[in-house]
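For clarity, chains are labelled A, B, C, D and E in written order, and residue numbers in each chain start from 1.
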Amino acid sequence: MVKKLMKKRSKKIGLPPGTMVFVGDKKVENVSISVIDYDQDHYEARQLQKIEEVFPFKKTPTVSWLNINGLHEIEILEKIGSHYDVHPLILEDILNTDQRPKVEVFDNYIFIVLKMITYNAVKEDVVIEQVSLLVGDNFVITFQEFEGDIFQPVRERIEGGKGRLRKSGPDYLMYAIMDVLIDNYFFVLEQLGETIENLEEKVLVDPNQMIVHDIQRMKRELIFLRKSVWPLREVISNLVREDSILIKPMTEPFLRDLYDHTIQVVDTVETFRDMVSGILDIYLSSISNKMNEVMKVLTIIATIFIPLTFFAGIYGMNFEFMPELHLRWAYPALWGGMLTIAIVMIMYFRRKSWL
Amino acid sequence: MVKKLMKKRSKKIGLPPGTMVFVGDKKVENVSISVIDYDQDHYEARQLQKIEEVFPFKKTPTVSWLNINGLHEIEILEKIGSHYDVHPLILEDILNTDQRPKVEVFDNYIFIVLKMITYNAVKEDVVIEQVSLLVGDNFVITFQEFEGDIFQPVRERIEGGKGRLRKSGPDYLMYAIMDVLIDNYFFVLEQLGETIENLEEKVLVDPNQMIVHDIQRMKRELIFLRKSVWPLREVISNLVREDSILIKPMTEPFLRDLYDHTIQVVDTVETFRDMVSGILDIYLSSISNKMNEVMKVLTIIATIFIPLTFFAGIYGMNFEFMPELHLRWAYPALWGGMLTIAIVMIMYFRRKSWL
Amino acid sequence: MVKKLMKKRSKKIGLPPGTMVFVGDKKVENVSISVIDYDQDHYEARQLQKIEEVFPFKKTPTVSWLNINGLHEIEILEKIGSHYDVHPLILEDILNTDQRPKVEVFDNYIFIVLKMITYNAVKEDVVIEQVSLLVGDNFVITFQEFEGDIFQPVRERIEGGKGRLRKSGPDYLMYAIMDVLIDNYFFVLEQLGETIENLEEKVLVDPNQMIVHDIQRMKRELIFLRKSVWPLREVISNLVREDSILIKPMTEPFLRDLYDHTIQVVDTVETFRDMVSGILDIYLSSISNKMNEVMKVLTIIATIFIPLTFFAGIYGMNFEFMPELHLRWAYPALWGGMLTIAIVMIMYFRRKSWL
Amino acid sequence: MVKKLMKKRSKKIGLPPGTMVFVGDKKVENVSISVIDYDQDHYEARQLQKIEEVFPFKKTPTVSWLNINGLHEIEILEKIGSHYDVHPLILEDILNTDQRPKVEVFDNYIFIVLKMITYNAVKEDVVIEQVSLLVGDNFVITFQEFEGDIFQPVRERIEGGKGRLRKSGPDYLMYAIMDVLIDNYFFVLEQLGETIENLEEKVLVDPNQMIVHDIQRMKRELIFLRKSVWPLREVISNLVREDSILIKPMTEPFLRDLYDHTIQVVDTVETFRDMVSGILDIYLSSISNKMNEVMKVLTIIATIFIPLTFFAGIYGMNFEFMPELHLRWAYPALWGGMLTIAIVMIMYFRRKSWL
Amino acid sequence: MVKKLMKKRSKKIGLPPGTMVFVGDKKVENVSISVIDYDQDHYEARQLQKIEEVFPFKKTPTVSWLNINGLHEIEILEKIGSHYDVHPLILEDILNTDQRPKVEVFDNYIFIVLKMITYNAVKEDVVIEQVSLLVGDNFVITFQEFEGDIFQPVRERIEGGKGRLRKSGPDYLMYAIMDVLIDNYFFVLEQLGETIENLEEKVLVDPNQMIVHDIQRMKRELIFLRKSVWPLREVISNLVREDSILIKPMTEPFLRDLYDHTIQVVDTVETFRDMVSGILDIYLSSISNKMNEVMKVLTIIATIFIPLTFFAGIYGMNFEFMPELHLRWAYPALWGGMLTIAIVMIMYFRRKSWL
């Protein structure tokens, strides 16, 4: 769990800033590079063998979306860094995959760090992957840790050729990528919401100790989600307020819309946290209640039979001179007395509403 | 419960922004459209068959209030969008019925998202419905998810013809609609307040495990209410500060008054949350207390009779040489000893104030 | 309890704003109206039969303090409203007796809503009453819900004729009224402080379930107090910052002093809340502790006597061939064994420091 | 405890503002007045019989530090008030000894309210005393409730004649007084720190119910400390920002340093609160744990012997036809069976790791 | 634990400000002084015997990094103070080793207080050491309490001669020192993260009372860490915003990067706190659960055998007239009845799902 939170930064202690060390696990075998180049009339998509193949696109006025899966080959980043004139600290940030979501606006590009979350239904686990964006005047570069992403719909909308995407610049592409990423938060929240409902049902039907672990796990998933999405608010509101020439006024309402979505995600995460706390409360009170039930049963049985057993014990004694033992009616009388005691006890428990 | 919080946004992942998909359940059979057109001297109310019938009203100087129940027929919205020149993202927001309350001010209209809450007394459930308002210079359009609403008093005041409503413009109509909507929050809070009082009484008279669920449910209703009303504060204070020409200075004191009401609703919701937490505390401590009671009874009975039974057991043994058994006074003496033990025990419990 | 928090606003849903409906209970039989008119040289106090009798005072340069007890006769308010030119929404606010403390500054008057609290020593209950002030250039009008108030000292100081009050304008009278009102908060806090001390003592001497209710009640009184006094801070700081010509610079240091008092009330309420929470903690831990005590007694008795009883049971069996039964020393030996067991047990409990 | 928090303000309800009533207990027999008058070359210290003796110092350019112990003789204050031209509300604040720390800057003087805390090692109690400062262009007046203070080091530094104090004005003297006062907070915190460490050790070695009271008491001491020191931050930062001519630029770095100290005190108090809460958690969990231990012992003994006693009971019955009773090997066989049962039980408890 | 938080400030009460008293323990035998002097072409490192040897470096344009381990020799500080013209309060702050992290910007130097943390793996303890920096136009002076530090990598990078460090001024050296210091926080957090994971595992496998102490200790380490790192945010953001000529624009992006790291540390500490709280919740609920288990076992055994033992007792009585005793089938019938009771009980427990 802690691993999910922190990458092994200790690898880097004392290295000069801007030293590029990939702190994560090597998550893909080979780094795969793809480019989509488009404008209103033109569309081209390619898998690249070498990063150098993308450099000619920089000079064309068309928008090029360069996507890189896998960060462990440092030299690719270095080449991009020098070709697109990126500050070494930014390159370092791309490799530090436990970065907080943030935005940095430079003259020639905008750098955005985001968290892409996906839900692994098998492991019931939220997977968090860092996605970095470099947005320039005619390019968008996205860096991902894993193979596979959630941007397919954006690619299809570009390929489809209709709609605003083909007509707009890289700022709108940036928006489209962020939009699909945040929409995905809703999807993951839906899954978590279902898990929470299951937990709720479980705590009513069959509350057991395992549920505490499930609750704690859910709490943590929500903490991680919150950590991913909370700074997003600031990121997007900075993008809106920032008057970079790289973001056209036309894109602003879309970013504002994105901002609303982000707030909604944050809200939902908070509500989920409240709900999960509520489930814990129900569980704890149901344990107390059960214990109470158990105690009552023990007490009822014990308080009825312990005195009776005592009387039975009395007349089991072997004293020579116990006059009662020789009375004919003593045995049935004792039974009568015992029944009376039992009934009185039961009535007492009734009045205390323990029965 | 989670469904109440989130609509199935996942339907929409990857679709271009501004794509109109209704994320809620289809809540009405047919979309019903009505219009009320009025100025100081003139009043007209009509059910419309087709949305196009309303378009002529746009050119008249009278105020028209167009109300649409049911959002699943996208084409109606599209027609309104193009006729009234509404931004596609706004149309999308109208359909996203899990929107957060918000206001957006454009040059030619103001867009407001609100939550209308009603209390279903049978299910003891708060029903939340999204109401969107488009306010222009001579029209107000309201979009609702369900048939049936709480705006009847506003309609009657328009029809009645007296009062400020007929003399004022669409900004005042907007205020009147929001006012009745927020007044309704007080009504729902009254109902919830009664339920809380019942819970309180119940926790005193007959505390049982079900009360925890009731408390959790109430907590959640309050969370949902809070989520609906908290952003309202900001919405209304934005409306007041915003110097849109669509809102006349005369309407401002009314909006400020509305703002006060909203704060009061928020305050009450917070107080209710404190009260509900207090009920949970009472419940938990009453469980502890009950367990304590049960334990005491068990302990008293057991500690009195267990030693006595032991002595009875002793003289039930079959050893050949037990001189006591042959003493005439042994049996009554044992009884005496036993009574002494019992009395000492009872006195001990008295001193510990367990009895 | 909830009634204390909310008035029946539902009476008002859908009524046009500014409609005057008294939402509280009719708390006095007859509305009583009194006026005190004074300047440095002149003093006059009168009970009025009709509200119209006060109108001539409006033209004189003397300060008139009009006090109205009872709000259910709407027409009185309407007359004041039209004579003193008060906005209808303000009149509505006067009648809404669950208003939040607030201040509104107009050109010709200042409107202040405050909460007067008194402590009902019999019911151990804090009674909250809304007091509204209208402060003009030569008048102060106070509206109260009940007969009887805490302003007697102010009246006496006016009548006495010495001191700053007679020499100053209505702004200083406003200050004097607010000052006595906030001083009264300290008085009520003193009473509550005593109750809290009683609770504290009780939780030490005789903790029982009733204390939880007392704690919850105290918590709630504090919540209500907090709701009454928290917005007061803002009210007074607004009065200080506001540069209304109705408030003279000479009065400002007095208002700042009032502000300090308000902060102190808020501070004390917060400290009281912490103390009450602490009492609950003590109570809960003392229950746990008691249960622990009870369990220990049971365990000690049971673990000593249950094994002994078993051995007594063994030698009470009727097997034909039990050689021990025929040994002369078996019976005393068994006693010896039993004592040993008992002593070992007791030593074990000593070591565990259960005894 | 509550008395420590609140003085009997109720004495004052309804009195005109500026009325001087001492709300505290009369803490000294006689008011004692002393003055220290100094500049770089000159030093004079005197006990005064009458307050009038100090008035001549006002005209000299030397710095005079007038210290007054005991506040119950109102006339002394009145004379100072009229001689040094102090606002009546300030005089009232000096007497209200439950004032919140605050600063008020006037043209001719600065008024500061502070809390001097001392630790009563015998009663393990923090004693809070109000110290008020009036700082003018050539005087500092300090008002204390009790005889005896912590300012001796300052007096000695003045008398010693070396160092910055003799060369600087009353603003630096004010700083020196405040500095020694805040240094004393650290001293008291050290004492409390030790008490907290003792509590910690006690909760590990011998946790009993008394510790909850100690924890609550400590919590409260910390609340009182916090109330004393929290507003100090604001007081000092106001002094720094305020550009009163009474505070010379040279003194500002010293005040900033004081501000740092105050923040550190606040920080430490917060940390102490966290630590004390932690101790409560340890105590509560150790009670639960102990109860668990007790229950286990009871359960082990009872579950082993109850079944065995049952079997002993069976063969103690007096039925005529019980064939087992006549078998030679039945008695040892029963012992065997019983031992088996006991061993199985013990193994079961082992597996459950109860033993 | 408290010692870690507070140094013995009481040594200093009443001393004039700027009096240099070292409040910590004397942590090194001898104060060791070293200097590194460098520019792009030149590198020199030396151990100094006397502080005076460093003074000539002040006149050269090269950057000199003077490092002092051990603070108890006050005269060294005094000499530095007079030679580098440092305010006495700053010197005092260097000696007060429980200072809060802070920055103070003067015309000729910047003063920074930081906390260097290291993890003592043997004692499982976080060691906090104060590091103070004085940054001038051609020098950096670092003051440490202990021998040994984490700055070796910086020294090596200077010695190595490549990279930005040799080409830049003291501001960049300051950054490099702070960077390695904050990187070390990540390292310590990794260690703590592992300890937390161990705690988590332990609470699942073998929850016992000791874990509460471990949790409390971890909580406290996190509180101390938080206290060390929280003010760092402000320190660094002040450094960025401050337009001191001592900090060159080129260094600013590096400081911003540092700021991001600091926020991440703070975030991680917060998440760790949440995780540790979660572990406590799991522990507490597992205790409750265990107690529940224990109670169930006791209850099952007792409620089955207590009634049976009663019946055995009945037929162990010695009444003369007990007809059942003489019936042939009575004994087996009793066994039958007992088995029935036992089975019914077991079925009852099954239905209650206690078995």
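Note that a residue touches a chain if its C-beta (ideal position, glycine included) is under 8 Å from a C-beta of that chain, and two chains touch if they have at least 3 such contacts.
Just so you know, these numbers come straight off a predicted model, no measurement behind them.
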item: Angle of the C-alpha superposing rotation, chain C to chain E, to the nearest 5 degrees; value: 145
item: Fraction-based call for chain C against chain B, same above half, different below; value: different
item: Rounded Å distance between chain B and chain E, as computed from the means of their C-alpha atoms; value: 42
item: Centre-to-centre distance between chain D and chain C (centres being mean Cα positions), rounded to whole Å; value: 26
item: Of all residues in chain C, the ones touching two or more other chains; value: 288, 291, 295, 298, 302, 306, 309, 313, 316-318, 322
item: Pairwise touch network: line, ring, star, complete, or other; value: ring
item: Ring path (origin chain C; first step to chain D); value: C, D, E, A, B
item: Residues of chain C that touch chain B when the two form their complex; value: 1-2, 5-6, 8-10, 12-18, 87, 89, 92-93, 98-100, 102, 206, 208-209, 212-213, 216, 219-220, 223, 227, 280, 283-284, 287-288, 290-291, 293-295, 297-298, 301-302, 305-306, 308-309, 312-313, 315-318, 322, 324-326, 328, 330-331, 334
item: In the complex, chain E residues that touch chain A; value: 150, 152-154, 156-157, 163-165, 175-176, 179-180, 183-184, 186-187, 189-190, 193-194, 196-197, 200, 204, 253-254, 256-257, 260, 263-264, 267-268, 271, 274-275, 278, 281-282, 285-286, 288-289, 291-292, 295-296, 298-299, 302-303, 306-307, 309-310, 313-314, 316-322, 352-354
